Each structure stands twice: as C-alpha cells, then as structure tokens.
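Starting off with a structure, shown below.
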Amino acid sequence: MSQLEIKNLHVSIGDKEIVKGLSLTIKGGEVHAIMGPNGTGKSTLSKAIAGHPDYTITSGEVLLDGVSILEKEADERARAGIFLAFQYPSEIPGVSIANFLRAALQARLADGEEIDASGYYKRLYAKMDLLKIDRKFTSRAVNDGFSGGEKKRCEILQMAMLEPKVALMDETDSGLDIDALRIVADGVNTMRGPNLGVLLITHYQRLLDYIVPDYVHVMYDGRIVKSGDKNLAHELEAKGYDWIKKELATAQA
Amino acid sequence: MKPPTETDILPDSAEAAAMENPAVGIDQSAGNFSYNMEYAFDAGTGLSEDTIRYISSVKKEAPWILEFRLKALKKFFSMPMPTHWATKDLENIDFQKIRYYLSQGQKPKRTWDEVPDDIKKTFERLGIPEQERKFLAGVEAQFDSEAAYSNIKEIVSKQGVIFVNSTEGLREHPELFKKFFGKVIPTGDNKFSALNSAVFSGGSFIYVPPGVKVAQPLQAYFRINAENFGQFERTLIIADEGSEVVYMEGCTAPKFSTSTLHSAVVELVALKGAKIQYITVQNWANNVFNLVTKRGIAHEDAEIKWIDCNIGSRLTMKYPGVVLKGERARGEVISIALANDGQHQDTGAKMIHAANNTTSNIVAKSISVGQGRSTYRGVVHIPKHLKGCKNNTECDALLINTNSRTDTYPAISVRGDKNSTQHEASVSKVSEDMIFYMQQRGLTEGQAMSLAVNGFINDLARQFPMEYSVELKRLIDLEMEGSVG
Amino acid sequence: MSASSLSVAAPLVGSFTTEAFAAHLASLPPSLPAWWIARKRAAYETFAALPLPARTDESWRFSSISTLTLDGFTLPAAAATQVPEAPIGIKKAAKLVFANGRLCAHEPLSAELTARGVIVTTLQNALVQNEALVREHLLAQPPKLGSAKFTALHEAFLVDGAFIHIPRGVTVKQPIGVFSYALGATAAVFPHTLVVAGENSRATIVEYFGSGHDTEAQFAAGANDLYASHGAHLTYIGKQDWSHRALSFQSNSTVVRRDARVQSLNVHLGARQARHESLSQLQAPGAFSEMLALTVAKSGQEFDQRTLQIHQAPNTKSDLLYKNALRGTAKTIFSGLIVVDPDAQKTDAYQSNRNLMLSDEAEANSLPGLEIQANDVRCTHGATSSRIDPEQEFYLQARGIAKAAADELLTFGFFEEVLNRLSADDLHEALRVLIQTKFKK
C-alpha cells in the first residue's frame, strides 16, 4: 500500500507565497477531498506536487513511499506514480490518444522492452467502453476540439490506463453536467482500492455525493484549517465559506 | 473495430544524451579525401566553355544539346545573383572552385574509420541498411543498385514506360523529350536554372504512355552512380494523357557531399487527365547550397502534386510551382521544412492559374530549431477574366528555441469576382503547458518535444510513403533531442 | 545626401522645384525655429535626390508606377475660398479646419480643458510655444515602408497642421476634430497631425481629408505622428475623401509605450490613386495597437496600403483588420509585415486582410508577411479574396430581397465587423452613413 506525505509545504509563484505550510498524509485506499474558496491555493498545491515549473517549493517535504520527490523532474514523479488530472487539460494537435498513451506506457518500461500492441488495445478499448468514450476517439488528437466534458473523461481514461499510486484531481467536476459527472465518478470509483490514494480538489460539494470521500479538508489562505469526514462537506455547503472565516477569526481572537 | 495500423516509433530515451544534428559534424576539409588522378580526361575545377565542351563530348551528345548548353552558359554569366531579395549568403558560393563534372573513378573517397561517429549513429537510429551506409557516407563511390534498377526497368518497360537518365533520354528518345525539354523551365528563368542548363548531368527522364498507371513509385535511388550523385541533376517527367506516375528522390539519411553547390532542375508535364506526384526528401550535409528549380505544367483535368521535405543543407532555395494551363487542372504543394543551427530553409510554392476552374492548394509547415531559420515565399496568381479558380494556402511555423527564426512572404494576386483565395499563416512554439502535460504522463522533456513536433507535421507526414514517414519521425526525434536541455 | 539642388533633373521634382521651395520658405512666419527650417531644407534635398519608385522595388510591388507623377500641381499661395460643410456632425471637444494648409476656422477647447493643460493648436503655434515636445515627436520615426521620397516632400513643403497634446491623467471625452481641405483645380497640400498623449490620458481624434470638387486633379502628401505614453488610450479615426482625380500619399506612425492602447481606423474613399502607410511600434510591455481600415474602391481607383507592426518588447499585442470592397475596375494592394524582435517574447500579433470582389474586373493583391525572431509568440496572418457568399445571397433573396439590394446589404455587413470595433456609437453611426453614401454613388 502506497502513501503520499506532504509535510509543512510552502509554495510560491514568483515572490508570492500561496501555500503557507500545508501538511497531509494520503494512504492508499483513501480519498481525501480538499475544498475551499477560489484563490486559496488548491490548484497550486496539486501542480506543485506534480512538479509544474511555474511553482517554487520554498520549504517542506513531499514523500512518496518514504522517498522525497521534490528533487525529481515532473516526468520522473509521474513514472514514480503521481497522476495529475488537470483542470484545463492541454490540446496536443496531431498526436492521437492511442499513440500518446502508448508513448506514456512505453516510457515506464525498461530499455528494450516493448508494449504488447494487442494487449494494449484490448485494455484501452475496455477502459473506453467503461467511460463511455466512443472507440473512434483513439485516432483523434488529444483534447483537440473536445468539449469540456470530453476533456475530463479523457483525463480519467489516462488515469485508468496509467494506474498511478496517487491521483491528484484538480477540479475534475468543473464544467460537467450531471451525466458527465456520473460517468467520471463511476470511472474513479471503479479504480478505488488499496493501491490508489486520491486527492480530490473541488469547489462544490456535488462531486462528493458521487465520489464519497474518507476525509474532507478545508483549505483557506494556503493552509488546511479544518478537517473532518464527509459530513464536513455538507456543513460547508450549508453554511458557506464565510462560516470558516468567522470560526478562524474567533479562534484567533 | 481494428486498431490503427500505423506503426509508431518512439524516441529512445536511452540515447537522450545531447545529440546535435549529426550532419553538422561532417568534416569537409579537403585533407580528408583522396582524388584518384589517373584519369586521362579531367574537367577540373572552374567553369568555362571548355568545361561545357568536355562534358558534352564525354557524353557523346548531339550538337543541338551542346548548343543548348553553351547558350545557357552565356546566360548564366550575364545574370546577377538574386541577392536583392534572397539571402546574401549566396555570395559565399565560389563558382570557380567547384568541379562541374565528376566521372567514375574521380569521386573522392574516405575510409569507414574516417566517418564521424555521430553519422554512424544516425544511420543506426534510422535503420539504414549496411550496404547503403558506406555509399551515403562517401566511403564507396558507387551504390550497387544495378540489380534493383534493372528489375524495375524491366517491369515498367513492359508497360511502355521509359525510365532512363538525362543523357540517354536525349540521345535515344529525342522525339519524346525534346518537345518539352527546357520549355517548362526556360534556361533564363533564373541564374541557377541557367547554370543547370549548361552543366546538367544525371537525373531521370521518364515518359509514361497514355492511360498507363505505374503501380510502383519510381525512385531516383535505383539509378544512382557517381555521376548521379545529384549535383546538377536534370529531370523531365512526361505523363501522357490519362496516365499516372509517382516519383521519389532523396532520403532522410544525411547525405555527404564534397560539392558545395547542388543546382537541379525538374520539369514535369501532365497532359490531359494525367497525374504526377513528385516526392522529395532532402537531407544534404550542412555545407551544401541546394538551389533547385521545380515546375510542372498541368493540362486539362490533370493533377500535379509536389511533396517536399527539406531537412538538410546550409541553404535550400526551392519553390515548386505548377502552371495550371488547362481547365480544371489541380496543383498542390505539400512542404515540410526543418531548419537547425546554421541552416536556412528558404522554400515555398508558386501557383499560376492560367485557365478556368483550376484549383491550387499549398500547405507548408516549418520547424526552426536552435538558430535555424526558415522562410516561406509564395506566389499565387489568378489573372484577368478567369472564372471559378480557387486557392487555399496554409503555412504554419513552429519555433522551438528562443533564437529560432521564421519569415513568411506570400504574394497573392487575384482578379475578378469569380475566383477566391484564402491564405493563413501562423507562428507558434510548443507551449510549456503542453510539455508539462506530457511530462506529467511520464514522458521526458525530449520525448514530449518529439511528440509535439511530430504532431505538428502529422497531417503532412502522412502524405509521404510509409517508409519515408517513419524515417521522418525518427529524424525529427533526433533533432529534438539535440534541441532540448 | 547633399546634392546640389541646381543640377537636379526635372522628373525627380516635378512641380516641386527649388523655386517653389524657396517661395514656400519665404511664405512661412519668421517666428518658426531655425532647427525646423534647417530640417525642411534637408528634407527638400532628400526629396530631390531620391528617385521615383521603380517596378523592381519590393516595397512597391504590384503598385501602378507609371501613374505616379509630380507634375502639374500648384502650391496655393493664400488661404482659399468657401470651405465645404463639415461632413461629420458630432459634438466635438475642439475643431481645427485647414484649407490648403492654412487655418481657416476653429472651435476652441472649453475653458475647463484648457485649464487642465489640454492643447489643440496649429503646428506653427506649437513649434514656438511647445517647441520641446514638437521637436521630440514631429516626424521622429523614419519612413520604413517605401515612401521616403514623399515623406521628405511632405516635410519640406509642410505649411501647417494640427498639434494635440493631452497632459498626464486627463481624459477628453468628446472627439477632437481636424479637417484638411484641398481647394483649387491642381492644389497640392501637405496635412500633418501630431498627437502626443501623456501618461494615462484618454482622447479621440477624428480627422477628415476632403476636396472642393470631385474633379480636381490635386496632390496630397500627408503624415501623422501618434505617440501614446505609458498607460494612455488613444483612438484615431481618419477619413480620406479626396477628389476622385487626386493623387494621395499618407504616412502614419504610431508609437505605443508601456500599457498604452492605440486604436486607429482609416477609411479610404477618395483619390484616383492613394498610397497609405501605417507603422506601429510596440515599444514596451503591455502595449497594444489595433489597426483597422475600410476601403470602398470604385472603377478607376487604386488603393495601396502598406503596414508594419513591429514588436520590440515582451508581452505586446497588435491586431490588424483591413477590409476592402472592390467594384468595377478597382485595384487594391495590401502589404502587411509583422516583425517580432528576438526579445519580444509573448508577442500576440494578428493580421487579417479581407477583400470583397464585387466585379469581374476588380484586382486584389495581398502580401501578408511575417519576420519572427522570438519563439514564445502567437502570430497569425490571413488574407482572403472572395465574392459575396452565394449562400448568404440566396438566403436574403429567399426572403424577398432583390439581388442588388442583397449584395449591398451584405457588403455593409462586411464592413460592420470593422465598425463594431469602435466603442463610440455616434462615431460608428457617422462612419456608417459616410461609407454607405459613398457606396451608393
């Protein structure tokens, strides 16, 4: 069983500090949801863990199975088992989904080893069927001309094919209608198990009805300020983020 | 549903150590080579009437051809270098230092040991067969292709197709070729067509009889020998009514050459209803000036398609053109150019509409890496009183590094309200977001770049025959590895 | 370049002889600074020495060269007769009216604006009262687009023009109007408008060029300088409506500094042959230049538009949209170059030329160009020439509208895309009326 440990992490963009000392441990089999108002650092957190060049980690640690990943390049972290489902997935013109995923899988094999083509396609089609993605999409360029919902489902397809240890899902529900949301949630739920830890970043509680979290954390001003179980999400929905701000203010008073 | 059959070659991460464009590593200094001085006749270096007479006599040419050459030489000397619009780099060509004719035995040689390692590595990566490597690297003067050539020659001659070199073509079949020789591209078209008309040697002369559809692509490779090493090739392809032919020249492997000037002329004639497809992949060494004039005339209902890929050379200037002479004729230019350090790819297309309802299509994609420079020049001309003519042009440039450069200079001229033209061009780089996205899926930066660049030219690469497009992908991977990090 | 003016051959100067130049200098007020007179002298020598454009000049490719002439024009000595009615009836903050280069009417700024330091005056006044500013910006940018000879002619024979200065932080809500008329059968005029917009200022300039009668074979060589300082927002609208027998050259230069925005719209209606050059320099981060043009070209007219968008700093943006409608034997040339310097990363440059061909004889030439030396950029250009969309035409006809009326509607629709870029509704409306009137003639 894997585990991702985030220890007192501080992340900046340029001179501005966004994440101001965040600690969290995600074990395999657990789904942690992070909620919070906009601009509070949720996306920053996930991108920084994935190794996005725009973000600087000024202090703190991130360990995957006890090994620090902070010295590793983005692709090394990915091969180590980190998966980021992007909020705004990139388009890659001219590169088909089939070829892209094959390249990504091939990159994880040892030198000289080759992907078994027929096995690969079998798996790919099975996952596509599960996620209700038309098989014709294999030859379409990655995210090129896709609707918002199609892009998000494509992210989940990639996750299913790459079988990460830790999945950071950055506002996967944004821009999805209820049907697309269900499909995406079903996809994630089938992957749930002791070998996968999930960090689910969301602004709205709605997603959490479908992907029921084990833990809910509220992030505010770059830190986790409150943690609880799935009921915390309902409380937040009912009372709004102002409630958290008031609570913090009173606590500091 | 079947999986896609296109084989996909992945960049090899094990060899990702910074690898520069292997062609750059070629040492062109004269000290590396030995010239066999035993020959009685030697045209030597430099260009004069004597050189022309020598060439003509060695080939035993008819008097009219010698006349043609001499006239062309005069024209060449009288024309200025086109540096008022083209790059000043042209002034670095020293016409008097070039050997204008090399016959068997005069080809300089070097040993396999002397071939730089990175060249050998490239051959390895591109999967070039053993026997071809020595030829391409300049270790052997002759490519033993006689077997392959006589085989294809036998097959097509059964259909009445003539497939010979320029000397043989003009000598054995003047009644076929003389009619069009020098008519598609007149001697004085530009300084370099004049030069070629004076010293041409080698190249393919092809005639396809009416209604014949040649099943296999005809390749220049089949007939390469010392003389045909490509310096001043002259090609003329005539597709008679209703016939179809595909011709391929060049290869993705870096081609070594002691000659710094290559000036070829290619003339195509597609008679009524005929189709010609001319595919070129050029990867000359980085010391070569590659200045080519290519033009086709498409008659009624005929189609001429130029598929052009320029990867090598120090400077390539090439603007394949089609004169749409008959109604409903179609012209197309598909072009991929890759310019790396020290290279300038100055390419484009010319479409001259001269009849009603003709259409032309130009798609040009260029990639500039390191300090490479790519330029697009286009001309689209639709004159008075024509109706129903259409042109579509798309040219896109991808700049990889901060100091890469690209220029675009199209000129579109259209008259009347019965014709339409559309031109679009864009310049971009591979976005950092895209690279990060691919890295997050486990690809290294180099692999991500390769995928992105291959994606950029994907539509065009597909139009090349399979073996070329596979090699092309490998080559781009190689270039991209060098550009990153 | 100091060729002796006495040995100059006639074709190089035409009607603009050394005698004419001497007479011009003598007619100027003595208060003008010496440096300006010295510049004019140098400009005359340059003008006289440069040759007329040749067929092989890249910057004159596709232009009709043989119809360019400097002969047969006169330099009107005194202020002229009755000035025609102003064609644009919108409320203005101030107005300057020139006839043959001399101020003949004006409406001054309000006391409030004057108190805040806004200046709308003649160049002759400004050369004395605002000498430093004028010296810094008047014709400060070198001509890059091929009209060096005509720009030099302009500088030499420039009589008077408009000088507009908006001080830092001031907003002038209503447009400032400048009207230049050429009156007299063969009159030659040299209009100039110099606008210096201070930091964070806001202003709109509306300019009109017209002739007394539509049959006057006149000559115009004008130029503009627009300078937008840090954070300034400037809108410039120019309407060229010279006589249909006039020969016109106009050279406009726009400099955009940090975070400044300049929108310029040129409407081309008159002249038998008009050459218009527009240069935009994006000199500092955040600069934005929007270059718009609309041309209604009729039989016998040739409109030659050359533009240059130069990005010299990172994070700058330019957006060019030039639309031409061609009828009869009209001819247009559009040559637009986008240049991105090596350090100008994150440039966003766009250029679009659309030609609507409304007759069998019309001729449209496009030379959209790119010279890009920075790689983290987004640069696109496009050029399209086509007739009215038959689908759209049919759609209107199917609703009962006759073909001619349908085509007219669709052509106005063609222009709307450009006019829609203007934020001021009254300007939009006034221009629409102007264009439609011209079109129907």
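To keep things simple, chains are lettered A, B and C as they appear, and every chain counts its residues starting from 1.
Criterion: contacts are C-beta pairs under 8 Å (C-beta built on N, C-alpha and C of every residue); 3 or more make two chains touch, one makes a residue touch a chain.
Since this is a predicted model, take the numbers as computed values, not measurements.
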item: Central chain (distance from its CA mean to the mean of all protein CA atoms); value: B
item: Top chain pair, ranked by how many C-beta pairs fall in contact; value: B-C
item: Chain separated most widely from subunit B, comparing mean CA positions; value: A
item: For subunit B paired with subunit C, centre-to-centre distance based on mean C-alpha positions, whole Å; value: 45
item: Length of the line joining the C-alpha centres of subunit A and subunit C, rounded to whole Å; value: 55
item: Separation of subunit A from subunit B, taking each centre as the mean of its C-alpha atoms, in whole Å; value: 48
item: Sites on subunit C touched by subunit B in the complex; value: 56, 58, 61-62, 342, 345, 355, 357-388
item: Residues on subunit B engaged by subunit A in the complex (per definition of touch); value: 1, 3-4, 8, 10, 13-14, 431-434, 436-445, 447-448, 451-452, 454-459
item: Touching residues (chain side subunit A, partner subunit B) in the complex; value: 50-53, 73-75, 78-79, 82-84, 86, 89-96, 98-104, 106-108, 111, 117-118, 121, 125, 135-136, 138-139, 141, 158, 162
item: Touch list for subunit B against partner subunit C, complex; value: 84-85, 368, 384-385, 397, 399-429
